[in-house]
Amino acid sequence: MEKNIVSFTNNTVTKELPIQINVENVNIFYGDNHAVKDVNLPIHEKSITALIGPSGCGKSTFLRTVNRMNDLIPSARCEGTISYKDVNILNPKLDVVQLRKEIGMVFQQPNPFPKSISENIQLPLRFAGVRNKKTLKDATEDCLKQVGLWDEVKDRLDRSATSLSGGQQQRLCIARALALKPDVILLDEPTSALDPVSSSKIEELLLELKNSYTIIIVTHNMQQAARIADYTAFFYQGELIEFGQTRTLFTNPEKQSTSDYISGRFG
Amino acid sequence: MEKNIVSFTNNTVTKELPIQINVENVNIFYGDNHAVKDVNLPIHEKSITALIGPSGCGKSTFLRTVNRMNDLIPSARCEGTISYKDVNILNPKLDVVQLRKEIGMVFQQPNPFPKSISENIQLPLRFAGVRNKKTLKDATEDCLKQVGLWDEVKDRLDRSATSLSGGQQQRLCIARALALKPDVILLDEPTSALDPVSSSKIEELLLELKNSYTIIIVTHNMQQAARIADYTAFFYQGELIEFGQTRTLFTNPEKQSTSDYISGRFG
Amino acid sequence: GNGSGSSDSSSSSKDSSSSSEALSGKITIGGSTALQPLAAQVAKEFMEKNPDVQIEVQGGGSGTGLSEAQAGNFDIGMSDVFAESKSNIDAKALKDYQVAVVGMTAAVNPKAGVKNLTKKQLQDVFTGKVKNWKDVGGKDLKITLVNRPDGSGTRATFDQFALDNKTPAEGITQDSTNTVKKIISETPGAVGYMALSYFTANDTSVTKLSIDGVEASDENVGSGKFPVWAYEHMYTKGEPSKLVKAFLDFMMSDDVQTKDVPAQGYLSVKDMKVQRDADGKQTDK
Amino acid sequence: MNSKITNRIALSVIIVCAAAMAAILISMLGYILVRGVSSISWHFLTTSASPFLAGGGIKDQLWNSFYVLIITMILTVPIGVCGGIYLAEYAKPGRLTSFIRTCVEVLASLPSIVVGMFGMLVFVNYFGFKYSVFSGALALTVFNLPVIVRVTEDGFNALSLHQKEGGLALGLTHWHTIKTILLPAAFPSILTGVILSAGRVFGESAALLFTAGLSTPDLDFGNWNPSAPNSPLNLFRSAETLSVHIWSVNTGGIMPDVQTIANGSAAVLVIFVLLFNLCARMLGKVINQKFSGK
Amino acid sequence: MKIGKVVTDAAPASRNRSKLINEKGFFSRLTDRTSESRGKLLIYGSALLMIVAVTAITLFLTIQGLRSFVVDRLNFWTFITGTEWFPDRAKNPSFGAFPFIFGSMAVTFLAALIATPIAIGTALFMAEIAKKWGAKIMQPVIEILVGIPSVVYGLIGLSIVVPFMRQHFGGTGFNLITGAIVVGIMILPTVASIAADSIRAVPDSLRQASYAIGATKWQTIWRVVIPAAGSSLLTAIILGMSRAFGEALAVQMVIGNVGKIPSSILDPSATLTTIITLSMGHTTTGSLLNDALWSLGLILLLISYVFIVIIRFIGKKGEKR
C-alpha cells in the first residue's frame, strides 16, 4: 500500500471506558480441537471492539460463547469466566434465554425469518411476552428508524422480509436485535456478504449505535476494523495475540505476527 | 496502513508480452441481472493476470466465461467476443469439451475427486484417450512434481485424495489441471480457503508455472495480487474500472474508486 | 407373443395315440380358492404318477376360474357355483365336471344359546327381521351377522338353499372363512355360515346349527335331507384334451374320491343319493 | 416465567409423542417376532407349503419373494437411475420436466391395488404373461421405479457442485463426468435407497395378488433351466410370494396350523426387512468410507 | 468451428505440446461424442418410459373403468352418489358406490388425524430435541417400519386392535375406527420420516436467529421452525393420507366391509380398495359387477391424482415463499 488513506477519526477513545464484560482464562474446545486458548480480554461499555485474525483462528467461536450460542453445538465445551453484571456467563445454570435478550447477536449471512418485515421485529417482543398491539407497532417503527430502514420499508411492512435486498435484510436483522433493547450486540462479519454501499451504511449505523450499546464485531476486513473500532483484538490460531486501542494496534503493534497480519503478509 | 511492506519484485514486466486471449465488449447476464458490463481486456501470454474487486462485482462470472463453465448455469447468457487462437470462445457451436482441455480451471474450494491421488491426475488423460500405463504413470509423476507434491505423496498414490490436507488438495487440483498441458489456467480465489503456509506455497507455484502457462487468477487479497500478478484488472459493480500492469495500478491508479478500493476504503 | 411358451397343454399328448403310453404336457388349473387345496393335492399325486406332466394350480376365485376357462387361459376352471349362475359366461360352451360336494350351515356363537332353528327363523335372523336371539328361543343377546362377499360360492349357496333367495341384511363381510369363524367364536351373538369342513369334531368355539331339526352332517347332506350344499365344479372349454381328460378321470377315481376328497372335508359325489341341476332343482339319483 | 412453563410442557408433549411412537414401533416388532420366531425352524424354511395338511413350510414362497425382488430390481435400477440422472442433470426447468416429475410422483403414490389391476389388465391378459413372476415384477416396477428415480436424484443433488465443475473443467463431457465422477460419488446413497426400497418390494402383496398369482407350481430345485415349467427360474410361472402367502393362508387356509404359518411367515418377512436395513446401513458405511478414503 | 482443429494447425512447433495430447486423435473424440449421445439416449429414454407408464395406466384404467357406464349403461351420477350396493340382488341389483367413497375418505382422514400429532411430534423430537438419538435410534426403527408389509399390519390389527375394540367398545370390533387406527399406525413412520426430513431442511440460520433474540426452544419450534417447514410438513401429511387412501389388505382385514354409510365411527364400513379386493376374484370378466369394480378402480386412480395435484400445489406455494 503506497498511500495511507485510512484515518482513525472514529476511534476517539480519549479516556478508558468502564468494563462491561470481562473475559478471564477462557478456553473453548470442539471435542478434542482446542479452538480458543486461554483468552483474557476486557470489553468496554459503549464502545466497539473488533476481533480480527485469519480464517479459523477462533473469532466466531469466541464471539458465540459470549451469548452462549455455542450451547447449540453439542461438541462445544467451554472453560473459564466471562463476568457480566456480577454473573459468570459460562455458569451452566445461567438462564441463557434471558442472557440472549441482553446480549443480542447478528450473523454473517442476513437471516430474517421468512415472515413479514414487521413480524420480524415483533417476534422477539412476542417471545418476551409483549402482547399489546400498540407497543408492538411503536417498537417496530422505532427499531426500523434506528437502523435507517423505516423510510425504505414503511409502505410494505407486511411484505415478506426475504424480498428485501441483502443489505436491507442485514439492517433488519440488526433492528430485530435492537427490539429487546439489549446491552450488548455481537456481530459476526455482518458486512462480508454485502456490497460496498450496504456495508458502509452498516458501518455508519454501528458508529451511531455505539452511543447506546456495547458492540463486539468480528471482521476480516482490517480497514473496517480500523475505521470503526475503538478496541481491536487480534487472534491467531486460537490465541489472543494482542489487544489494545485500535490506533495503537494498527500503528504500533507489539507483536511481529500482528504487524505481519495487518500488513497483509499472510491470511 | 502505515507501512509499505509489499514489494513488487515479482512483477517484472519489462516488455509487453503477446496477447493470448482478447476480450472485447463482453456482457454477461444472469436472467435480468447484468453481471458483467462491456468488458474489454487483453490477456498476455505466459503472465499472471489478477482480477480484483469487491464481492459480487463479477470476477468469478467473468472468469468462468473464459472456459465456458457458465454454460452450466441455465440462466447465464453471454454477449461479445473472446478471441483465442482465431476463434471466438463465446461461439455457441464451439466444442466446449475441447476448449476446457486447453483452458483449465482451479476453484476456490479444492475439489479433488473422491478417488485415489493418482486417479485424480489420470482421469483427464484417460478421457483424452491415453491408455498406455507407463505414459499415465509418468504424467502423474510429472504433474505432481510440477506442483511440488510428489515428495509428499509419492508413497501413497493409491490413497484417497480426500485424505490430503486442504493445501495439498488444492495443489493436486492444480496438478490435475496441468495434466492435459493446457495453454491457460484459470484460478478462482485458489488460496482463500487455505492457511497462510499453504497459500504462500501456491503463490510460489504460480510464479513458477507462469513460465509455461498463461494464468488468470481471481483474488480478494490485494497483497496477493500485488505479490504475484503481472497485470491486474479492477472490477467494480460488473464494470472493468481499470486494467494495467500491477505496479502501475497499485502505485498510481487512474481512477478514484480503484484507489479507494486498494487502500481499503470499501469492500 | 405369448409368454409361457410351453403352456400348450395338449400338443404333446395328441401324438401319443396309445393310452398306455406315458402322458406328458402341461395343465393349468385355476379358480375357486375353496377347491384349490384339493386340486393341488390331487395334481401332486397325478404328477407323481406321470412325471412328464406339469400341473399348475392357481387361485383367483370362482369368477376368475370361469372367465379364464372360457377364454382358454385355464385348461380347467374351478368354480363353487354353476356356470349358469354367472353372467357373461356361456355355460353351454363349458363342460361341467362335478368333482365334490360341500355342505354348509350356519355357525353361531355358543353364548347365543341356540342349536337349532327352523328355516323361517333362520331367514328372519339373516334378513334382519329378528334382532335378538331371545326371539328365536335363545339368550337375550343382540344378533350380529357375518357375511361372505357377493359372488362368493358359499354365500350364493347359503342364500339360495338356506334363505330361499332372500337378500340377507347388511353385516360384517369377510372374504375369509377363517376370519368368519374367528369373529363368530369371539363375538357374543354373532352368526354366519361356512362349509362343514370348518366345524371340527371337538371344537366348541362355534355352534353348528341344525335346520328344521336336521343336523348338518355328511350323511344328511348325502341323503338329501339337509338342503344347504353345493357341487365343486371343474369346467373345461368344450371337450377336454386327452391329458386333461386323464386328470379329470383321476379326479373322479375311487382313490381320490374316497381318500383325498373326504380328507379335505368334502363329500364324494359318489356318496350322494340326490343330485341337483343348475337351477337348484334336487332330484334322487 | 410463562414462556418457560410453556416450553417445558410443549417439549414434554413432544417427548411423549416420540415415546409413544417408539413404544408402538417396538411393541409391534416385538409382537411379530415373539409370536413368530417360535414357528421358524429349518424345516419351516426349507419345506414347501402343504395345501391342507399341517407342517407345511415356506420354501417356495421365500424363493419367489427373492426372485420377484431380483427381477424387479434388474428392471428398475438401471431405468430408475437413468431417470434420476435425467432429472438431476439434464432436465431443464420447464413444462416437460415438471410433467415428468409429476409422473414420478403419480407412480410413487398410486394405490398398490390400482397397480395390481393395471398389471392384471395389461401384463397378465393383454400381453399374455399370465399370472407369473414376470407380470408381478413388471407391476412392482411401476412402484419401485419412482423410488429409485427419487433416490438417485436426491443422491446427485446432494453432491456438491464442486465435483461436477472439477470434471467439466478438465474437458470431460457431461456424460463422462456423470459416469466417472458423479455416479460413483452418489453410489452409496443410491445403494442405501435401493436396499431400503427392496424392503417394500419384498413386502408388497396387493399388487401381486392380481399379477403373480396365488399359487406356485411344484418347483424342482434341481432344475435350473429357465424354460422348464417347474424350474425355480422360470419367469412365466405363477409365484405366490411370502406376503401374498400370509394373506392367502390367513384368508382361506384350511390347514390346522394356519396361525402358526401366518405368524412364522410374518416374522420371516420382518426379519428380512430388518436385514435389508442393516445391509443398507453397513454397506452405506463401508462404501462411504472407501470413497472418503478413511 | 472446432477448436481442436485450430490447435493442431496453428500450434507453433516451439510449443512443447506433449505427445499425450497428440495421441488424442479423431477417433477418441468421436467416441467421446458418441458416449455423450449414448448416455443421453439412455437417460431420455428412461424419462420417457415414466411418461409412458403413467399414460398407459391412466388410459387402460379409464377404458376399462368406463365400461360400466358405456357398455352396461349404468348412470354415472347414481353410481357415485348412490348409497345402495346390492350387485347380486336377484331383483334390480343396485350399484351405489358412495358408501365406499365415503369409507375411503373417512378412513383416510381419521388415519391422518391419528397419525399426524404423533408423527410430527416424533419428527420434532428427532430433528430438534434429540438429534443424536433421532439419527441413531429413531430413524432406523422408523425406516424398518416403513418396510413392514401392510399384510402384517393387518394381521396385527386383527389380533390386537380388533379384540381391544370389541372389549372396550362392544360390537364386533370390526369398524371404521379400527381400520383408521391400523392404517394410522401404518402411515406413522412414513409421515414421521418425511416430516423429520423437512424439519431438518430448515436452515440452521433461522434457529440461530431465533435463539439469539431470546426465544425458548419451543418458541423457536413453534414460531420459526414449523412455519418455515410448513408446506413440506403438509406434504408429508398428505403423502401419508394418499398411502392410507390406497391401502387395501390391511384395511380389509379389520374394517368389517359393510357397504353402508356408517352412522358412527364404531360402525363397520368399507372402502373402495376393500370392495375391489373382496369381490374381484368372485366376478367373471365383463360381468356387470366386474365392470363396476373397475369403475371403482378408476375412481381410486382419479382421487390419488387429486392428492398429487394438492401436493404439487402446496409444493409450488412453498417454493414461492
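Should a chain be cited, it is by its letter among A, B, C, D and E, assigned in written order, with residues numbered from 1 in that chain.
Everything that follows uses one rule, which is that contacts are C-beta pairs under 8 Å (C-beta built on N, C-alpha and C of every residue); 3 or more make two chains touch, one makes a residue touch a chain.
Computed from a predicted structure; not experimentally measured.
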### Query
How many links in the shortest chain of touching chains run from subunit D to subunit E?
1
### Message
Strictly by the touch rule at the top, which chains does subunit C share as contacts with subunit E?
### Response
D
### Query
Looking at every pair of chains, which has the largest contact count?
D-E
## Note on the structure
For copies subunit A and subunit B, the superposing rotation on Cα atoms, rounded to the nearest 5 degrees, equals 175
### Query
Among the chains, which one keeps its Cα centre farthest from the Cα centre of subunit B?
C
### Query
If you average the CA atoms of subunit B and of subunit D, how far apart do the two points sit, in angstrom?
48
### Query
CA centre of subunit A versus CA centre of subunit D: separation in Å?
52
### Query
Which subunit E residues touch at least two other chains?
32, 158, 216, 219, 253, 277, 280
### Summary
Two or more other chains are touched by the subunit D residues 3-4, 173, 176, 250
### Query
Which residues does subunit B have that touch at least 2 chains other than itself?
97-99, 101-102, 127-128, 180
### Summary
Within their complex, subunit D touches subunit E through residues 3-4, 6-7, 10-11, 13-18, 20-22, 24-26, 28-29, 31-32, 79-80, 82-83, 85-87, 89-91, 99-100, 102-107, 109-115, 117-118, 121-122, 126, 142, 145-146, 149, 173-176, 178-179, 196, 199-200, 202-206, 209-210, 243, 246-247, 250, 262-263, 266, 269-270, 273-274, 276-277, 281
### Summary
In their shared complex, subunit D is touched by residues of subunit E numbered 32-33, 35-36, 38-40, 42-47, 49-51, 53-54, 56-57, 60-61, 64, 117-122, 124-126, 128-130, 137-138, 140-152, 154-156, 158, 160, 185, 188-189, 192, 216-219, 221-222, 239, 242-243, 245-249, 253, 273, 276-277, 280, 294, 297, 300-301, 304-305, 307-308, 311-312
### Query
Within the complex, which stretch of subunit D touches subunit A?
2-4
### Query
Where on subunit B is subunit D touching in the complex?
67, 69, 72, 74, 97-102, 104-107, 109, 111-116, 123-124, 127-128, 159-163, 173, 176-177, 179-180
### Task
Can you check the complex and tell me which residues of subunit C touch subunit D?
1-7, 26, 28, 30, 33-34, 36-38, 40-41, 43-44, 47, 54-60, 73, 175-179, 197-198, 263-265
